[in-house]
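To start, the structure under review is shown below, and the notes come after it.
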Amino acid sequence: MDGVLEILRDFPYQDIGFAKIDHHRPLRKGFPEVVLGKGKTPEQISEIVAALSGRGNPVLVTKTGTEAFDAVRQQSPTAQFNQLAGTIVVPTDIPAKTAPRLLQGVTVVTAGTADLAVAEEAAITAELMGSQVSRINDVGVAGLHRLLDVVPDLREARVLVVVAGMDAALASVVGGLVPAPVFAVPTSQGYGSSFEGMAALLSMLNSCSPGVAVVNIDNGFGAGYMAAQINQMGRSAED
Amino acid sequence: MDGVLEILRDFPYQDIGFAKIDHHRPLRKGFPEVVLGKGKTPEQISEIVAALSGRGNPVLVTKTGTEAFDAVRQQSPTAQFNQLAGTIVVPTDIPAKTAPRLLQGVTVVTAGTADLAVAEEAAITAELMGSQVSRINDVGVAGLHRLLDVVPDLREARVLVVVAGMDAALASVVGGLVPAPVFAVPTSQGYGSSFEGMAALLSMLNSCSPGVAVVNIDNGFGAGYMAAQINQMGRSAED
Amino acid sequence: MDGVLEILRDFPYQDIGFAKIDHHRPLRKGFPEVVLGKGKTPEQISEIVAALSGRGNPVLVTKTGTEAFDAVRQQSPTAQFNQLAGTIVVPTDIPAKTAPRLLQGVTVVTAGTADLAVAEEAAITAELMGSQVSRINDVGVAGLHRLLDVVPDLREARVLVVVAGMDAALASVVGGLVPAPVFAVPTSQGYGSSFEGMAALLSMLNSCSPGVAVVNIDNGFGAGYMAAQINQMGRSAED
Amino acid sequence: MDGVLEILRDFPYQDIGFAKIDHHRPLRKGFPEVVLGKGKTPEQISEIVAALSGRGNPVLVTKTGTEAFDAVRQQSPTAQFNQLAGTIVVPTDIPAKTAPRLLQGVTVVTAGTADLAVAEEAAITAELMGSQVSRINDVGVAGLHRLLDVVPDLREARVLVVVAGMDAALASVVGGLVPAPVFAVPTSQGYGSSFEGMAALLSMLNSCSPGVAVVNIDNGFGAGYMAAQINQMGRSAED
Amino acid sequence: MDGVLEILRDFPYQDIGFAKIDHHRPLRKGFPEVVLGKGKTPEQISEIVAALSGRGNPVLVTKTGTEAFDAVRQQSPTAQFNQLAGTIVVPTDIPAKTAPRLLQGVTVVTAGTADLAVAEEAAITAELMGSQVSRINDVGVAGLHRLLDVVPDLREARVLVVVAGMDAALASVVGGLVPAPVFAVPTSQGYGSSFEGMAALLSMLNSCSPGVAVVNIDNGFGAGYMAAQINQMGRSAED
Amino acid sequence: MDGVLEILRDFPYQDIGFAKIDHHRPLRKGFPEVVLGKGKTPEQISEIVAALSGRGNPVLVTKTGTEAFDAVRQQSPTAQFNQLAGTIVVPTDIPAKTAPRLLQGVTVVTAGTADLAVAEEAAITAELMGSQVSRINDVGVAGLHRLLDVVPDLREARVLVVVAGMDAALASVVGGLVPAPVFAVPTSQGYGSSFEGMAALLSMLNSCSPGVAVVNIDNGFGAGYMAAQINQMGRSAED
Amino acid sequence: MDGVLEILRDFPYQDIGFAKIDHHRPLRKGFPEVVLGKGKTPEQISEIVAALSGRGNPVLVTKTGTEAFDAVRQQSPTAQFNQLAGTIVVPTDIPAKTAPRLLQGVTVVTAGTADLAVAEEAAITAELMGSQVSRINDVGVAGLHRLLDVVPDLREARVLVVVAGMDAALASVVGGLVPAPVFAVPTSQGYGSSFEGMAALLSMLNSCSPGVAVVNIDNGFGAGYMAAQINQMGRSAED
Amino acid sequence: MDGVLEILRDFPYQDIGFAKIDHHRPLRKGFPEVVLGKGKTPEQISEIVAALSGRGNPVLVTKTGTEAFDAVRQQSPTAQFNQLAGTIVVPTDIPAKTAPRLLQGVTVVTAGTADLAVAEEAAITAELMGSQVSRINDVGVAGLHRLLDVVPDLREARVLVVVAGMDAALASVVGGLVPAPVFAVPTSQGYGSSFEGMAALLSMLNSCSPGVAVVNIDNGFGAGYMAAQINQMGRSAED
């Protein structure tokens, strides 16, 4: 039990009443707490962002909108809003020279135009975590030649994020072509028996290709996080 | 209403108590009634087969087993059992010379070895209905080169049946590569969140490729039937 | 592998950043890429339509609305909007004399008034693909005499599209009456345990009539596409 | 509250430890308690049957098998077992002359051979409750002429029970043709996306015909009970 | 087949393009076609109502709103709108003296205030079909004494409609107390795991009391229809 | 039966037409009837509240909004609205000196900020029922040190309410750490495969820790009710 | 953090390779670890039981069978098997005089005979934890007078466990009649749309009575545990 | 397209009729094809294994049993069977000196004894792919001190596999404590509303901790594969 004490004893967090800000997460997980905007009021988001920012880490809010951005911007004037991805980013206040160079290796792939928003959430997350992101769009398997044309690019990636709705067949096809791990993100796009992403989720979970793991429907953040996390493994600054 | 009377007036059927044998179906649908073995006792199957056979058409029983075959064989000694497909066939008693030549054009494709039984049900059905069937096995998208190697064969088909479980991605990929209509058969193969074929079914219903329609899980018969039906359209004997 | 190379080598597509326009699809599938409007912004739709049009093929956008139409119309002034079907069509710019005569043979049937929108999507699709479409409306099985009255018309079709919600019993009844293949489209109409079309979908997948295949809920396009595709099989211009 | 006291005060029941036999039900509901065999041991069934029988009413056990029958028979030698329906009946010990004549008016209809067991459970129940039952078998809508041939018989019924699995389209079609109330029993027959009767259940609940109500999957007893109950309404002995 | 011809030959219906008005239904089913407002435009509803009305029968539109009422009223000035039930009624134009006296015997029971709208749809339907309706409200089983207090009233009914959401326990409890048939209507009321009425639907389908049948979620019309239909059985005008 | 008569005979309730106010519930259940606002109109809520208030008990309305509050306030000027919890409270009109002191012992715990509304509904309920409530917020297991820091507080509680959405892991973790009973409330927070709280509900029902029971999704009232009910067991005023 | 250290530091457990025996649980939760037999081999069960027993606490294995009992008995000769409940108990080796007297207050109620096994699991658990258990069987709401007859007994309980399958209406009815907390256990009994207990589970979660919480399907142990846990609150030995 | 040609041109595979052995996969994916035993006959498994083995790579069969092992052993005498994991391994025939040293870094964690089989499948897979595996068993969150005790071990891992059924809370808790990526495997263990692993799957997909991705229910192979794949990233032989 002593081991865990060393680890857990001095974990800092900040209690702001309705929330406990986990300032220790950068040490424990390698990336600060991210704010899921959905289910929180603009005022709550703004307060949490204020508590998190100004400590040498960027702050990320996901699944949010313009109303929350307006609230955040008042306390954090450097905040940036990405309409497509539904994200707010408050950049780090640390001078650029101390920021590490982005590591190449993460590729985010979409099956169709309707998957772009979730893919952008993944890409923004990975970039904030230090990875340079290649984006390959609209290579769904209905036009396989579009996908085959980018196979060399796909095979160069160290980690892939594949974003697809409906039949989500892209995840299995990419999984069969590349040696890198694939993080599959089902999207809620489609209609009828797509059942808000259920069809894509089940398809990806049952991928016939090995090397494919799945995150929640529309969870671009989750896939981008893992991609960047893995991309940093065994890498030194000069990679 | 007079139109329908001409059509329906003289429809023959034979009442054998627990069932009404539809002897008119060959005229109405172009193929005699097929017996779904599941849910019927061997005795019931045997009686129905006896009533259907000996009228110049073959008889087909699907989703059945050896026990039913033993019962059928006693009344219909020419009956044949296909263990893999779970089918009984009583061949037509019409001399071979009057039988039309099988029409080329139907191709049955499987994603993996576990899909063979359902695929064989489809192939047997299409053959009984007058189509010659090409079988292409184990070309699931996890090894895309195996599939690409047979694209020329796939593109020669007039109608395709694609049998796949798990992610069922093969249906969408084939659908994107061929000009012919594709009948997709989800199989109950897989485990966990395949949910007895539900994942494959939803994936196929949400195919991003046009030209793909779906039949019930494990319904090889249904897909083979439609493939043969369509293969005969606009074909004369000399095709 | 050489076979597939001949096929795939020169596949053209146009990369417009957020999408890759598949200009090869007319050769590969016999009909140009169709744009699913749902999940795309009006601007994205307008850009994709502009890239697709003007190449001798009509362009079809499905599941779309007036906002997208306004955007499309600015770049493609000949675009037409069908409010009921939710479709935009940009007609081909090829002179009418080179356009082939529409082929008779596709019949689209609805169970009730609430199924009209999906049926119209199917009909527009089939017409654009070269088939002349007969429409038979409101013949749900609750008033069977209405259906029986049109049986002669149904039996003349080469391919049928049956559009129905709720119990979707019409698909099975029609399937039992006609020799032609039936493409069943479940609609999300109904309430309560229709579960947005799930009841109709399951009913159609479990059709007791052979010769019935199913597409996604509300997928009029998919059924119209297959109907037209099959209607052209074995047909020469003079049919 | 006094009203309910008059009603409830003297309700008899017999406590046999693991069960409380409701000897009052004949007065309250017009028919004695019926024993659902499923989930009870042969010994429990035998004890409950013994407590119920010998009071001038027949006893009915449903969803049971030979093992339970062997146990029951030892205490109730007049018990009868129906293998197809899975029912045990201990006939009333009241002399036949006091038994009322069976009332015509209940018709039980099946779509296919696999629905016979559930239909027989319905018929036995209705007969025990005093109705004469007409059985019409195997008139599923895949061969509509078989059904149309019996429409005059269907229209003579005062109450109908329709038993069907898979798409269960028969319930809606019959519902549209007859003036009598229809009790629809979905069966667990079928395979794949029939999901053990779920498809049939949803189809029947969403019937486009008015005058159709639904009982649980495979609940022949429930439908037979209601049919007999309603058949007796406004009927005197001489009907 | 001659029998069905006599029945079906002269069935009248009126084709108004997007719909076929079933003027024969009063003869066949004993009540004219009812219009499900959901899924139809106000214009479609108005046209259908106009075609149905003025033939000696009242017209009923269900699941509709003020917009449709405004459209209907222009063509059918005597139309009445019931906001709570969401129904439009166009009364018969036949002089009141020829209208039969309403038959007592139908009781509509609700578990709670939130079930009132669906119950009113049931009551209006039964009244239009000739039954006088007793309404008993808010007797859910959480306060059993409220229910016990009305048991004598419940037991006087010839047919009962029980409307309940959430656990829907009221249907089983009433079913156990009365000799009359019970039509249970699950409502989509509740929250969380009521899943839009699924919980109530399943509870009612699994009622431990015999004599309970179920209609679709929120289908007050369906239950009211059957209640009135059965209430008329064996009744002459003087009842 | 005499026993129940003593109990049920004099149960009072007040019939206000669309509802029967259960004035006996304070005696029977120890707390007056609570009004579920969802599914009722502001007018209905206002009437029911007026009938319930002024009898020495506070009145509680849950799942309600400002519109209902405006209606209630006109008849019950002392009503208080809690925006976060969505509750209206009309305090008792009994002088404070006769009100019992609140009993310590109930602790309400949330996993995240988005669970606050449901937790507040639980806390308000428990407080109205006589318990003093400790609130511990935002101790979800993603930052376990935040939870471990409050373990001593958790272990002091006599009853706990744990409110969590998404994976709902907090319920199991707390359940493993404390000797007190835990009432777990799944919330509909989250997105994608949280399926409106289904994931949290199933997780809590399958808790690997004993001593955890579950209420409906978002049912803060239900958990607060049980917590207060149990907190009073074996407690006299001086606790 | 120091608080939790005091608590967690000295937690003992015993690592037997495939399992870690939690010998600290008696202190933390007030009852030793219970072994869920399902999913474990007889050998694993036997080893875990041996490690747990002989420390002054009884050992309980649930969801187990004769095979496991044979294995356990070899190492723990005092083990007792309850066939109905599917439980193994190894009694404490502490002399009876030091064992506390069982506390009255827990009542376990079943709706029907098929619920007895799960109820017995609950009762055995509560008894092992120090509560005396009253058993009331077969009082399902189909025969409400049986239930009303025992209302005085129900109202005497300090905590109730209600075990029911199918519609599970008993939980709501009991919940409305008693002041004590009710723990509802849905059972997997029933057939068809009971969906292995899903119907009962949803019904109980949506109980219209307050004071009802739910445990997993068939989880008699869970309900018995909580009942005994709560029954001990505020009780000294002389209660 | 030239790029993909270089890649795909020379892909070897071996057609054995019912299957196409993908001998190229070691180059493309870094690990040879693995055989899913479920759904294949012993004979099919034996043939496929024979075709795969003897090429310098080990062969792995998952979800298989003794019958298949007997068949495999006849052709591949060095085959080894792991009863617990349900796997067959045919070791490589390459001399041990050329085999690379196993890389430390993969840790497989289970919540309970019932998860051991799936965990062993994961561990065997990772070991075959070159990773040394640490196993930590039975640290489910019901006894959190057991988990806290191994936190230092967990934090040393480069990649983690967490195997858990029921509430699957362990995945989120571990995910919150470690900097390494976590691959979560839901198991089908549990009963009732675990719904064969659905509860665990949904819980894991909705993990509140970042850095957690999910594979199919019981898919130990999939998680072990990804863990080993990632463990090798940026590692040279001397790691």
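We just call them A, B, C, D, E, F, G and H in the order they show up, numbering each chain from 1.
FYI, contacts are C-beta pairs under 8 Å (C-beta built on N, C-alpha and C of every residue); 3 or more make two chains touch, one makes a residue touch a chain.
Model, not experiment: these values are computed from the prediction.
Peer 1: By CA centroid distance, what chain is farthest from chain E?
Peer 2: Centre of mass proxy via C-alpha means gives H as farthest from chain E.
Peer 1: Pick from B-H, A-H or B-C: which interface has over half of its contact pairs in common with E-F?
Peer 2: B-H
Peer 1: Could you work out which chain's C-alpha centre is the most distant one from the centre of chain B?
Peer 2: F
Peer 1: Do chain B and chain H face each other with the same patch, meaning over half of the contact numbers show up on both, or with different patches?
Peer 2: Chain B and chain H contact each other through largely non-matching residue numbers.
Peer 1: If you average the CA atoms of chain A and of chain G, how far apart do the two points sit, in angstrom?
Peer 2: A distance of 44 Å separates the two centres.
Peer 1: Report, in whole Å, the distance between the mean C-alpha point of chain A and the mean C-alpha point of chain D.
Peer 2: It comes to 58 Å between the two C-alpha centres.
Peer 1: Quick one: chain D and chain E, Cα centre-to-centre, how many Å?
Peer 2: 25
Peer 1: In chain B, which residues are in touch with two or more of the other chains?
Peer 2: If we look for residues of chain B contacting two or more partner chains, we find 1, 8, 11, 112, 142-145, 148-149, 165, 176-177, 190, 192-194, 198, 201, 205-206, 210, 216-217.
Peer 1: What residues of chain E sit close enough to touch chain D in their complex?
Peer 2: Going by the criterion above, the answer is residues 1, 3-4, 6-8, 28-31, 34, 145, 148-149, 151-152, 155, 158, 176-181, 183, 201, 205-206, 210-217, 221-223, 225-226, 229-230, 233-235.
Peer 1: Could you list, by residue number, the parts of chain D that touch chain G in their complex?
Peer 2: Chain D residues touching chain G: 8, 11, 13, 17-20, 22, 24-25, 33, 36, 38-40, 44, 48, 63, 186, 188, 196-198, 201, 216-219.
Peer 1: Which residues, counting only chain E, touch chain G once they are in their complex?
Peer 2: Contact set of chain E toward chain G: 111-112, 140-144, 165-169, 171-173, 175-177, 190, 192-195, 198-200, 202-210.
Peer 1: So in the complex, which bits of chain G are touching chain D?
Peer 2: My answer: residues 112-114, 116, 137-139, 142-146, 148-149, 165, 189-194.
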